[in-house]
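Read from first to last, the chains carry the letters A, B, C, D, E and F; within each, the first residue is number 1.
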Amino acid sequence: MGDPAISRFPIPDLNALPEDIKERILAVQEKSGFIPNVFLALAHRPDEWRAFFAHHDALMERDSSLTKAEREMIVVATSGANGCPYCVVAHGAILRIRAKNPLLADQVAINHRKADITPRQRVMLDFALKVCRNSDEIVEEDLDALRAEGFDDDAIWDIGAIAAFFAQSNRLANLSSMRPNDEFYTLGR
Amino acid sequence: MGDPAISRFPIPDLNALPEDIKERILAVQEKSGFIPNVFLALAHRPDEWRAFFAHHDALMERDSSLTKAEREMIVVATSGANGCPYCVVAHGAILRIRAKNPLLADQVAINHRKADITPRQRVMLDFALKVCRNSDEIVEEDLDALRAEGFDDDAIWDIGAIAAFFAQSNRLANLSSMRPNDEFYTLGR
Amino acid sequence: MGDPAISRFPIPDLNALPEDIKERILAVQEKSGFIPNVFLALAHRPDEWRAFFAHHDALMERDSSLTKAEREMIVVATSGANGCPYCVVAHGAILRIRAKNPLLADQVAINHRKADITPRQRVMLDFALKVCRNSDEIVEEDLDALRAEGFDDDAIWDIGAIAAFFAQSNRLANLSSMRPNDEFYTLGR
Amino acid sequence: MGDPAISRFPIPDLNALPEDIKERILAVQEKSGFIPNVFLALAHRPDEWRAFFAHHDALMERDSSLTKAEREMIVVATSGANGCPYCVVAHGAILRIRAKNPLLADQVAINHRKADITPRQRVMLDFALKVCRNSDEIVEEDLDALRAEGFDDDAIWDIGAIAAFFAQSNRLANLSSMRPNDEFYTLGR
Amino acid sequence: MGDPAISRFPIPDLNALPEDIKERILAVQEKSGFIPNVFLALAHRPDEWRAFFAHHDALMERDSSLTKAEREMIVVATSGANGCPYCVVAHGAILRIRAKNPLLADQVAINHRKADITPRQRVMLDFALKVCRNSDEIVEEDLDALRAEGFDDDAIWDIGAIAAFFAQSNRLANLSSMRPNDEFYTLGR
Amino acid sequence: MGDPAISRFPIPDLNALPEDIKERILAVQEKSGFIPNVFLALAHRPDEWRAFFAHHDALMERDSSLTKAEREMIVVATSGANGCPYCVVAHGAILRIRAKNPLLADQVAINHRKADITPRQRVMLDFALKVCRNSDEIVEEDLDALRAEGFDDDAIWDIGAIAAFFAQSNRLANLSSMRPNDEFYTLGR
């Protein structure tokens, strides 16, 4: 077929996948109307696939004082900094939907300092980008700046752990040259 | 007690942990003679803990054309680049043991270009460090350089995915200011 | 009114502007259905306004072996590298329209290496980004790489001069915190 | 002839230029005793030439609370940061003349922190260099630091817009490998 | 013989060296039990050898308000930043011995922010690393931060001059690919 | 007195200096007509002074296949990269004199790629700047590029060791905010 490749690495046939993985993928397809390419691009390694999505869900679906939109802001801002097309485009769509705001994802991906966010969210993203770029330079003063905005230790962990998880995710997507589904570009606009 | 903290975040009591986590930790303690701090520092988030170690094992324990020592080289080189004391010290110990070489870990952590490794391993670490630092700049030519040294797609994924996993791991350790156990500093020397 | 500011600097009343500037702005409004904010944000300095748009038009409207879509690719790629929301969003819209491609602008803004462009366009953008980031390091070999793809001196000047003009434009937009019109986000999708 | 080239791009014959451009060039030659190479190196593109010099004059000749020497300091400091020989050497000469100070241009080009300037001028150049290097990181606090030194919005625009204009100018000079006239090296010493 | 080379440049025969150099080397060997490779790797240039070690001793052996362990911390932290295996490994051993602390050298080499040092030593190393990486950006405020921790001008000179001396030393070691003696890896552990 | 300070650190009285240092300084003054400030700014530490100038002379005065002008080019190019006003201005003067070329020092300080030098000298300065900025990344291929231009090991050592020595020198000058003598600015123009 003539479609552009969605990964540099092999994409297994859906029916050849372990049952649990196949089921999850079909459930996502049912809900979204399409299969986001990340579910296919990681499937050549079932154990890594399971751990990856379990980790993703543990961070992104848990009860947290961060809203789901705020968590997607962290994903989009750090993925922009890492030059990762898959994560900016796919999570940009999710951010537009979660925030019910068609402009926010592009703003956050390009330059969070100019985005339509609150000062508290600005501090949150400043920290997420430090985890993304210079985690070795994190000092106690950085956490104090978060606490001054009302983030407790649990929220601080969420900010940092989401930035860390997508540090991995962005690298896997850039390693495999993972292609965002065309559908994501317009969702939520 | 007067011992230095092993994390900025809370360390749960071992007996309060879910049974599966407690069991794995006790098994590690039994085998190593001590509990590596990463097992405790992540335990305040059981679901993340499970996903993290499942992912770690899937990459580091699987059958691969990369030796276990080579995989640890990737960890140590990228963790050095990320300024992550826990991972350099802990995986430095494992590298010394796996490679049966007391000098290699320090060499790889400081500057892999001067390390006692083969030209093939040098190319492997060059790529791992590109995934670590500039994954957005990965191009087909980078993969060709690996193929020229005999790495197949499966091995290339392993190199990149290990570098990506420790991009996450280093950030979690720097976020939490995770302290390496004293025992690691001298193991395998 | 409660609308967000479009610039840190004063926005003159349209009717208080010199006749030539007012006329051009009304003509643009007539054609586009709205006034792109850059026309207002620079208007507090009429002489600079005139020179800026004259320079813009001289580069972007002239007969050139670069297509208009290719010229917009240069704008979007370098503006992404400079973290300039106004230029990425506004020229992203123009790129989508010029290229009749709803996906291209986001791809080029995030990481041109993964965009749906030809190898020749990839070399064009590699050079534009060198002008953008490290113009001091330009050497004859860089121009040779362009010539090998069939770009002649006139086209090379266009690539470099567009990247240079938007180096200025991005800085003016970031200086003034210029806000993209909401309309641009969805044009051409 | 054996003189070194003044540009990688074609230099039109003076008599073949449009009348307005030729006149301006002859007037400059009359006044300075020589033709600064930038007037010739851009002349292969008459419309761009006109816009470029109109913009230059609008910024550098206007009434401003910045002295002409201060404006040249901005040019020299940012051109030094951009590694642009033409602009450092040519505007270094103008700065020496405007400031009636034979040492200042070299000081500002190499490291403005050590230059014989006032604390207010130091803050001005700190900001100009942020526009030059990291305009995406400009925040309101940066403008406050300028206001604390007595710069009003009009002066702040001048600082930023001059830095932005020479971001373009430096890139055109580096693109074309524009050669400074020998005369500039000693003027004003 | 099959030992790895200790330098890219020639190593003179010990007996062919000028008497003063030979004597010093034999005295070091007597005291340490082996000849640190730096004494041999620089010996092909006797005048440079003499100046280098005279400068080293003047800084590292003088009476100073900095302890000898603190001076070695500066060496190890800056050598880590410069990716210099010889200096990290050799001076890491000396630091372990001087500080009677088997963990400190690895901590300081990887990330001084997480090392078991006092806040005053942390400020000392922050400054040493600024001298190492961005000496052009040193401003009076940096010295004030040191004075606030009780460092007087004499101590500040020592910090800066040791960082400067090892900026040279690291470059000579990296130029020559100088190999640390195996003995250093375990000394003081 | 109203003269600007030549250093942040104390300047000893000439007559209070050890005889050998005083003699050398008076000899330089006799020859040059003034005392270059570096001789005074380092004199508060006589042992370091002696080692510093001995090392300087060993490198800069020795018989070498590099001309004295070429050695000064290395000093000026690397000092420009390090933002060191003293070394750029003082050694710029010496370079003009050694090369009998009034333009060369400014060219090399701003951007050696555009300087009036031979291709062989260009390769020499490329390597010197790698020693200056990224000595950890030096690989055998870098030395091969020098050998291809006819530099032997002795010349390669000179290039690298001069770049290394001025890595130290630039840091000492930036540490002390060492002021270039006014005389240097015009010497050799």
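We take it that contacts are C-beta pairs under 8 Å (C-beta built on N, C-alpha and C of every residue); 3 or more make two chains touch, one makes a residue touch a chain.
Keep in mind that this is a model prediction, so the values were computed, not measured.
Looking across D-F, A-D or C-F, the interface that copies A-C in more than half of its residue contact pairs is found at D-F. Note: the chain lying farthest from chain D is B, by mean C-alpha position.
Chain centres were defined as the mean of their Cα atoms; on that basis the chain farthest from chain F turns out to be A. Taking each chain's centre as the mean of its C-alpha atoms, chain B lies 51 Å from chain D. Work out the mean CA point of chain B and of chain E, and you get 29 Å between them. Separation between the centroids of chain E and chain F, computed from CA atoms only, is 23 Å. Residue positions 83-84, 111, 136-138, 174, 177 of chain C are each in touch with at least two other chains. Taken together, the touching pairs give a contact graph of some other shape, not a line, ring, star or complete one.
Every pair of chains in contact is given here: A-B, A-C, A-D, A-E, B-C, B-E, B-F, C-D, C-F, D-E, D-F, E-F. Remark: chain D residues 111, 113 touch chain E in the complex.
Per the touch definition, chain D reaches chain F in the complex via residues 4, 80, 83-85, 88-89, 102-103, 106-107, 109-111, 114, 116, 174, 177, 179, 182, 185-186, 189. Residues of chain F touching chain B in their complex: 136-137, 139.
Residues 8-10, 44-45, 47-48, 50-52, 54-55, 57-59, 62, 82-84, 131-132, 135-138, 143, 153, 157, 160-161, 163-165, 167-172, 174-177 of chain B touch chain A in their complex.
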